[in-house]
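Just below sit the structures, each encoded as structure tokens.
Okay, so chain A shows up in both of these, paired with chain B first and chain C after.
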Partner chain A sequence: MSFQVDVYQNEYLPAGAREVNAIVTVTATGLTTSPTAAAEVIIIDCSGSMEYPRAKLVAAKQATCAAIDALRDGVAFAVVAGTDTASTVYPSAGLVAASQRTRREAKAAVQRLKAGGGTAIGSWLSLASTLFRGHEDALRHAILLTDGRNEHEKPAHLERVLAECEGRFVCDCRGVGTDWEVAELRKVSTALLGTVDIVADPAGLEADFQAMTADAMGKAVADVRLRLWTPQGAKVKFVKQVAPSMVDLTGKRADTGPRHGDYPTGSWGSESRDYHVCVEVNPASVGDVMLAGRVSLLVGDEVLGQGMVKAVWTDDEALSTRISKEVAHYTGQAELAGVIQEGMRARRDGDLDRATAKLGRAVKLAAESGNGDTAALLAKVVDVVDPVTGTVRLKAKVTEADAMTLDTRSTKTSRVRRG
Partner chain B sequence: MTVNCAGCGSAVTPSDNFCETCGLGQPTGRDHVEIDLGAAAGISDRGLVHHRNEDAVALHVAENAVLAVVSDGVSTSDLADEASRAAVDAAIEVLAAGGATEKAVAAAVAAVAVLPIRYDDTAPSCTYVSAVIKPDEVTVGWVGDSRAYWIGATEALLLTVDDARGHALTAWLGADAGEVVPHVTTYCPAEPGVVVLCSDGLWNYLGSADDLADLTRPLAAEPMSAAAELVRLAIGMGGHDNVTVVVASLPPTSKRSDRR
Partner chain C sequence: MATCPEGHDSPTDDFCDVCGRQIGAVSTVAVVEKPCPVCGDPVVGRFCEGCGHDSTVSVTTWTAVVVADRAHFDSVSSDDEELVFPSEQRERVIPLVDGEVHIGRRSAGVAPDIDLTGDPGVSHRHAVLRPGPTGGWTLTDPGSTNGTTVNDDPDAIAVDVPLPLRDGDRIHVGAWTTITIRAGEHA
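Now for the complex of A and B:
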């Protein structure tokens, strides 16, 4: 397996400029055909509210069964029921290899689940982390489904568990219904390098779980790290994944040497992701070229791909004022995600002027960048008067599902158009 | 092998040509290029201001002919260094196989056109000048403002007419250049002498054929020395651009026969 690394940037800077921006596209190719060892934990919210309406628990059971059916033979798995504590549904301890028999037994155990009790997401993740113990060499993936807020443990407990679980496994989070909190689940998915999404209608859970499991089965290599080398005296302003979704990795850096550090990127299949790297360097003289960053993709100690971010100081304005369309596009997508989240927060807080301004800006950015999916979600929350200027009116009636969908999917970016 | 960084002085592993400590780019093999084939010599130099050498040069000595190509990457275009390199490589291959100048230009155009276009309206671009030097004639082809001169024992001529209005090019090789129709001219000198090809890094300082002749004639028997002298002059006058010079004898004989 190898990672092709392509760097897109305008390396030309005016005299004295320090900030270097680049979009780094990483494309994983040449996957091995033999399946990689994998471990899967499915965490189902069984709190009392899952019975209201009853369709929620019924759909969650069906979805879990679909996920179990999507597991490859031999994948180590377990199902966890989450309430104000966490308990294993199947098997009784540890993980078990998927087979016809274990899948059948697991599905039968899932069907017997009853709802009752509270929500303590930290303890659920703690149990998952324990279950993954001994499977460090496998691709480790969890699915977490909840319908409510993390009400039965202190926020500090969840924070502590997330810190412990970081790098231990990847977790995709789903909120069913509209009584859960977007920011809370996003915190979990961001910490554990997974996705977060809303399944407003429980009927949609089965297809979603199936797709998530299939995606997890498609991963071929775990614990891929992005290593960034920067010259002496440089400062990394940020490292963000910007496609397929916006994930700020800046705070996840682990220093690995005097001038380099690693950022976790989780598991990879055959896929392509974009990263925005922003570095501040000590400017050199006009005419000098500098390596402002070297981006490497590593598995273990093996470098599987490398790209270079450069800086060239010039007194030619025609060069230094060029706009890299990749950098511009993703700078816009980052702002788009930010203004949607700020706008929706203002809307919840009753600050309607601010909400209108922020969501108007979002409509303009979505239109300019061709992010049709986000534009469609925005149109369910605001009436668009003019997308070019970003003139909007807040809709008087917005369903909670539409508001939460917009907020949850605000981090989905559109890919830059090339060619 | 390690060398010390030209900027901060720390040890550099010359793997990717950047200092592992301060990141500064180290001199590359392309910053100064010398080709000495006896009857013809070429030198290409980064100069003193540009961060890299975007000129390129290729020379080839065939049976009874000397072939030379010079290209100057348009510095306001993207990947200008790759454009000029691709152009001379493609052109010299055609000329060395006996192809006509028009075919060499077409090959250069095609090689430049396949380079990636990373920014709108800045497709990789370059100029082109080539010379096919036979015992009794020189055929010159060009696009853009790189030049060819004939410096005989008594006469001195500029053989090319710049495709430029002021300092703005009116023709070049590149995906955004439209159809490229090269100028091609053949000159049959009445006396021995040298053909000089150069980028504007030289002729910006030394434009007239007579001035060029005054400097070149004393060294005409030694193309390498002549080329070195002309490049030294350009750098001495500021080296504001990349500078590339080819000096080739006509008839294309060895130094030994020149001594006769």
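Now for the complex of A and C:
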């Protein structure tokens, strides 16, 4: 397989300028059809609150069974029950290869689960990490379902566990109901390069788990790294995944040499993602061409794709003032995610003027960039008077589910418009 | 091992692995822009700033190539006329984008899209190219004085009846003008 790397930028800079921006589109091509070794751990919240309403635990069991059914034969898997501790539901130790028999036994064990106890997400992830030991060569994926806040362990403990688990496995997180904390689950999914979403109605869990497992089974290569080389004296301002969702990778850099470092991108199937790279370089003279960044995609030590980010200094203002459409689009999407989160925080804190201003700006950005999904979610929280100017009024009555859905999905971006 | 303009040794031979300067070249690289196949605006990135066309998607673009055509001139002119075939031949390529493309001679300061001023056999409003219903283009003669012929057919096309055009069709108007229609796939 290989990665096609396309770079979109305006490489022309006015004399003396330092900042170079580029959107790097990475598309995985030529994936092998032979199934890759995979390991899956499904973590379900079995805290006491899962019984209120009872439909939550029933739906979680059904969803877990659907996920088990979606596993390919031979995939190593386990089911973990999470409370204020973590315990294996099936098998009794380690992971087991999926077969007709093990799937049936696992589903029977899941059906016997009872709710009771607290919520300590860090201990659940610790157990998952232990279970993945010995499967380092496989695609490692976990699903984490919770309905509440991480109340039964110190935040510092969760932080420590996340640091340990980073790079060990990819984890998609789901919050069921509206009693969980968006920021908390986002922290987990961001650290573990997965997605986070709300399943407000437990009835939606089954389809969601099935889709998540199918997606995990569709991945063909694990632990893909994005290597960024920058010239001497340059500073990497940020590296963000900007599509399909906004994930800041800047802090995840691991230096691999004097002028390059690696950013983890997790597992890949047949898919395409966009990254925004921003580098500050020492300006050269007008007319000079400089390589401001070399972006490589690596699996192990093998380079499977490469793209170049350039800088050319010019006196021609017609060239240097041109704004790359791709860079402008994703700069707007990053701002959109930020103003939604700030606006929703202000709204919770009772700062209604600030909330109105931020969410108004969000409505304007969503309309301008054609992000219809986000615009629809915003319309459930504010009355839109004029999307062009961003004039909005906060709705008097907003369901908790709508507010949390907007917050959770704020990082979902629209892809740059194709002509 | 390559050496860059700054004197660094570099294992990469395109740009210096130390400072990023281009190896071997001191000169400025030419502007990497090409015309958009749809609207003709200069495009630098993937998307056209003018019309939003995605350069990775292939499209069929239509163009009209206008020439003074000796063969056409010989076939329509007779000896008693004092017409002189223009010595200065300049081929013009006109991209067909959308809307109506008028063919004719300039009148009262209004220039048609395909301006054939100079060819005395062309009417002010001689013919019109319009996008067809299925994506191609059509030719309509609204009633020009000398008529319009297509390809090798000596008879003029019917007035006010749109004629669907194909790649390579030659439209003959006036005393010497031939407009060749080109349809091509472009990325």
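Rule of thumb we're sticking to: the second predicted complex is superposed on the first by the 418 of 419 C-alpha atoms of A that agree within 3 Å, B and C clash if a C-alpha of one lies under 4 Å from a C-alpha of the other, contacts with A are read in each partner's own complex, and residues count from 1 in each chain.
We take it that a residue touches a chain if its C-beta (ideal position, glycine included) is under 8 Å from a C-beta of that chain, and two chains touch if they have at least 3 such contacts.
Model, not experiment: these values are computed from the prediction.
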Q: Answer with clash or fit: chain B and chain C placed together on chain A by superposition.
A: clash
Q: Classify the contacts of A:G30 with the two partner chains as first (chain B alone), second (chain C alone), both, or neither.
A: neither
(Q) If we overlay the two complexes on their shared chain A, which of chain B and chain C does A:V416 touch? Say first, second, both or neither. (A) second
Q: Report for A:M290: first if it touches chain B alone, second if chain C alone, otherwise both or neither.
A: both
Q. In the superposed arrangement, does A:G300 touch chain B (first), chain C (second), both or neither?
A. neither
Q) Where does A:V281 make contact in the superposed view: on chain B (first), on chain C (second), on both, or on neither? A) both
Q. Which holds for A:Y8: it touches chain B only (first), chain C only (second), both, or neither?
A. both
Q | Clash with chain C, by chain B stretch, listed 62-70, 116-124, 206-214 or 224-232 | A | 116-124
Q | Common ground on chain A, meaning residues reached by chain C in one complex and by chain B in the other | A | 8, 10, 230-234, 259, 281, 284, 287-292, 294, 308, 312, 314, 319, 322, 324-325
Q. Where on chain C does chain A make contact in their complex?
A. 12, 14-22, 25, 27-29, 31, 38, 44-49, 51-54, 57
Q. What residues of chain A sit close enough to touch chain B in their complex?
A. 8, 10, 230-234, 259, 281-282, 284, 286-292, 294, 308, 310, 312-314, 316, 318-319, 322-325
Q: In the complex, go through chain A and note every residue touching chain C.
A: 6, 8-10, 229-234, 259, 281, 284, 287-292, 294, 308, 311-312, 314, 319, 322, 324-326, 416-419
Q: Could you pull out which chain B residues touch chain A in their complex?
A: 7-8, 16, 18-25, 49-52, 75-76, 118-120, 122
